[in-house]
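One chain, chain A, links the two complexes that follow: it is found with chain B in the first and with chain C in the second.
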Partner chain A sequence: MRERYQQLTRGVDWTPSYVSREQMYPYTRFEGIKINDWEAWEDPFRLTVDAYCKYQTEKDKRLYAVLDSFAQGQGHLQASDARYFNALRLFLQGVTPLEYQAHRHFAYLARHLDGPGARFACLSQSIDELRHAQTEIHAMSMYNKYYDGFHSFPRISDRLWYLSVPKSYFDDGLSSGPFEFMTAISFSFEYFLTNLLFVPFMSGASFNGDLATMSFGFSAQSDESRHMTLGLEVIKFILQQDEGNVPIMQDWIDKWFWRGYRLLGLVACMQDYFLPRKVMSWKEAFELYLEQQMLDGLFPDLEYYGIRPPRHVDQAIAEKEYMSHQVHWTFYQYSHAASFTTTIPPEEELDWLSEQYPDTFDQYYRPLYDKAAVMEASGSRFFNSALPMLCQVCQIPMAFTDVGNLGSFTQRFSEFRGERYNTCSDGCKWIFDREPEKYIQAWLPVHQILQGNCGGATIPEVLEWAGIQPGDGGEYKTSTDAENWRAWHQNGVTA
Partner chain B sequence: MTEMEPRVRMVGIDLQDTDEARTIIDALEQDNPDAVIRRMPGMVKVQSPGKLVILRSTVEELLGQEWDTQDLQLSIISLSGNVSSWDEDEIVLQWEH
Partner chain C sequence: MASKRGDGMTIKALGPYDFPAADRQENFGSDQLVHVVWQNNIFLVPACFRVPRSMTWSEFTSQIVDPWASVDLEYDADLVSEWSMDGEPITPRPKQTIREIGVPHKGVLVFAVQ
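Presenting the complex of A and B:
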């Protein structure tokens, strides 16, 4: 197996004679990373093109059989509640476009990395990511037939405020050099943080009767195990090649942990609030997947190379007690301008939240929902019509607080070329300060609206420009989806 | 004061809850006596202190037919630990340092 792999990957590489190596691979030196021997790259999966095609074909056959069967059986009616579909909207709008961008960038790496083993691993991942984009779209396309908020996701993801959070995260990676991109995405996102993205969504699907998404998830995860292995291999390879690489990598690990963690705020909100049947709380997932598996499992391994756990991880650990609530409270009041609906969780779910978050929920967040319930009952369901201040780096509204002081919003400032830039946390400020020229170029939705670049000066005009249609957002309980759900679940009525 | 025990780090593999994967899990149980199995909807988490080994010979014996170690790709959901070796006969997961 090893020899065959060598022949079909390394064996077809060549040393250029018409041009220099530097001319053939012009992008792998400018970041300051030194690679002395690309041959040291190890691919544990030893996948050749024929094996790749064989296994991926088989996975697709199995998955599409499930999707067909699900559609034929009107599987959407098995969901726990139509409210659950908000989790899928967030996924299709926020994750699927990133899969496509990953496909593009791994294709670029498949050309521009010096080493044949690394190039082939990136080529496989590029095709995988296209597969993920496509299978996600297929899995969710049947929901688009019956529910709002699934249409036009490519346009919405480019234009709508909260989707600039995942978009800018990935654009930051795309506009970095190849080694930073691999540290950011292959290592930090696909290895370090991956379970915090996938398990909430996919187990959420499984628990809430969504066979289609669950099947997609398990099918994609088998590809992800290869991606995780690439991520781990990449980081160890770079660290072992030259001692000078260590501080560069440490900085990138610090940056991309925090960027990825802030992005996962959207997932935390989904996990605690959008799932009628709960999998586990964000706090519990964070403890299992980040603290136990990563900080206690992976990082002691990386210590050998001179790497320490990421800067600002202590804040993330402290925030596990309340971060999901801060994000959901923001989305609750702004869903009239979103392509998903929100609602006050039913009493049993509020009780679950009180139980899962004994030190914070009842003190700081349940009272907000109690007040919102009073407003809703009186006919004025709370929606915030003001434009929030966004963090210059993570682009999330500045709704976060300092550790130990939940009563006061964090605002950090940096000055650059005579202008003031605002960030939501020490983590984002640190990221801004090390690369200000990059972040001053951010396309911040609120600024763009105020500059008149988003279709007009009123919310309806901005939403139309973004591609939103009536029914896509707002309050769940009074939505068309909720109405249809009730009708379709009454005896004798079919979809 | 009790003595500090050396920290035990778990390695693990998450597998789909399918027919073929169930046989792989049976093989894992046989070849990794300290493995802990946690069943969840649609998936099974197998964790083992320090090291986890999948032997082709055991899987084939339990499956009753030929099995390629690469076939694991059809069942795997996630890994925790380093793939320290993967060849025709076995797959080994362990932390390196």
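Presenting the complex of A and C:
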């Protein structure tokens, strides 16, 4: 196998004679990264095409067998509660389109990197990502028959306000050069932050009776470990190639840590609030996967190359005590304009949040839900009637606070070419100030709605334009999903 | 808190890189965007409004701020004690317009309640 792999990569590579190497691979120099010897690339995994196809076919067979029997047995009724499916909607709308974009961009890298080993690794990952997008869609499509908010996800992903958060994150990577993309996606997303993204969703599925998504997770796991290996290999390879690469990589690690971390705000909210049966809190996950595994495990190794822990990581550590609450409270007041529902956490979940977050929840966030409960009881469930102020970089509403001052929202801004740009944090401001020419082009949904580019001037018109149907968003307790769920279970539909 | 930058090219790109801002002032004609923040209050996320630059301060507070903030039952327009912009207190007269007050496009107005 090793020899066949050598033939597949090195064996079919050639030195161009009609054009120069620079003409053949025009994109691998302008970022300033110097690769002196592509031959030094250690292939992180050695697969041949036939072996790859054989493994993936086996995995697909097993996955689709599970999906079929789950669908035939009305497996959706085994879920912990219909409210759980909000987590899946967020995954389908926010993550699945990123898998597809990753497929496209790794295919591009599979053509444009100079080294044959790196090209083949990217080709395999490109095919993996397409498989993940497909299997996620298939795993979740069965829920579209019974629950709101699963339809039209590609359109919603392109147009709905909070989905510009994952979309713009990935677009930022796609519109960078190949080495920055690999630092952003292969390293930061697939290695550094991946456990914080996938474990909450997949363990959440397992804890909440969602066998379909859990099976997808298992089926993707071996691919993901290959992607993690590639992520680490990429960064070590680039760092070893030239000392001049180190400061460039450090800048990208700083940027893509904060970009990825802000994106994970959506996951933190899902993990602490959307899952009726809790896996672990965001804070616990952050401590385990980020602080222990990455800051204590990975970064001491990277120090050898001259890399220090990412800029602004201290703020992220401080925020583990409250970020999920700030994001969920924002979604709670805007879920009339979302493709998922929210609700005040039931009493036992509020108590769980108090236990998990003893220093912040009761003081700052429980009172918000108490107030919302009074409003709900008087017949006016709290929805914010105005459009939210958005951060120019992460595009999340400006609902974050400074460390040590949780009672007041952070405001940062920069000026560029005579105009003003607002950001939610020092991290996002730092990213803006590095490349203002890029971020001034941001398609901020609120600003686009107010320019009249999104179907009309009223919230119903904008939602229709985005592909939202009645029932997709709003309050969970009065939703069609909640009503159906009660009816199905009262009538003894479950076995 | 604010920083100004020159016009130097910082993006590393293969070719010329010069694109306009997606939400520049001219896209809003005689209107502009104004953000409103309720200081020391985390119930309402800061809001974004499109308003005519000729809108007077009294119209702005009564037609824009009051309806938005009063969803919070603790809001009382009479108790709004102080307005500020980027940390500087401002005391607009009721007839002054958004333009005359000098609120920039996408500027942030912060109020405090007693």
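Rule of thumb we're sticking to: the second predicted complex is superposed on the first by the 489 of 495 C-alpha atoms of A that agree within 3 Å, B and C clash if a C-alpha of one lies under 4 Å from a C-alpha of the other, contacts with A are read in each partner's own complex, and residues count from 1 in each chain.
The rule is simple: a residue touches a chain if its C-beta (ideal position, glycine included) is under 8 Å from a C-beta of that chain, and two chains touch if they have at least 3 such contacts.
Source: prediction; values computed, not measured.
Undergrad: Quick one: chain B and chain C on chain A, clash or fit?
TA: Superposition result for chain B and chain C: fit.
Undergrad: Tell me which partner A:Ser206 touches in the superposition: chain B (first), chain C (second), both or neither.
TA: first
Undergrad: I'd like to know which partner A:Glu39 touches here: chain B for first, chain C for second, both or neither.
TA: Neither chain B nor chain C is touched by A:Glu39.
Undergrad: For A:Glu483, using the defined touch cut-off, is the partner it touches chain B, chain C, both, or neither? Pick first, second, both or neither.
TA: neither
Undergrad: With chain A at the apex, figure out the C-alpha centre angle toward chain B and chain C and round it to a multiple of 10 degrees.
TA: Between chain B and chain C, as viewed from chain A: 150 degrees.
Undergrad: Look at A:Asp433 in the shared chain and tell me whether it touches chain B only, chain C only, both, or neither; answer first, second, both or neither.
TA: Only chain C; A:Asp433 stays clear of chain B.
Undergrad: In the overlay, answer first, second, both or neither for which of chain B and chain C A:Gly177 touches.
TA: second
Undergrad: Check the residue A:Arg412 against both partner chains and state whether it touches chain B (first), chain C (second), both, or neither.
TA: second
Undergrad: Mind working out whether A:Glu461 is in touch with chain B, chain C, both or neither, as first, second, both or neither?
TA: neither
Undergrad: Counting residues of chain A in contact, which comes out ahead: chain B or chain C?
TA: C
Undergrad: Can you give the closest approach of chain B to chain C, taken over C-alpha atoms and in whole Å, for the superposition?
TA: Between chain B and chain C, the shortest C-alpha distance works out to 32 Å.
Undergrad: How about chain B: which of its residues touch chain A in the complex?
TA: So the residues of chain B in touch with chain A come to 7, 9-12, 14, 16, 40-43, 70, 73-88, 95-97.
Undergrad: Quick one: in the complex, what on chain A touches chain B?
TA: So the residues of chain A in touch with chain B come to 1-2, 44-47, 51, 55, 58-59, 62, 194-195, 198, 203, 206-207, 214, 218, 221-222, 224-226, 228-229, 232, 293, 296-298, 300-301, 303-304.
Undergrad: Can you list the chain C residues touching chain A in their complex?
TA: Touch list, chain C to chain A: 1-5, 7, 9-14, 17-25, 27-28, 33, 35-37, 39-50, 67-68, 71-73, 86, 104-108, 110.
Undergrad: Touching residues of chain A toward chain C in the complex: what are they?
TA: Those in contact with chain C are residues 26-27, 30-32, 177, 326, 329-330, 333-334, 364, 368, 371, 375, 382, 384-390, 397-399, 401, 406-409, 411-417, 419-422, 429, 433-438, 440-444, 446-448, 450-451.
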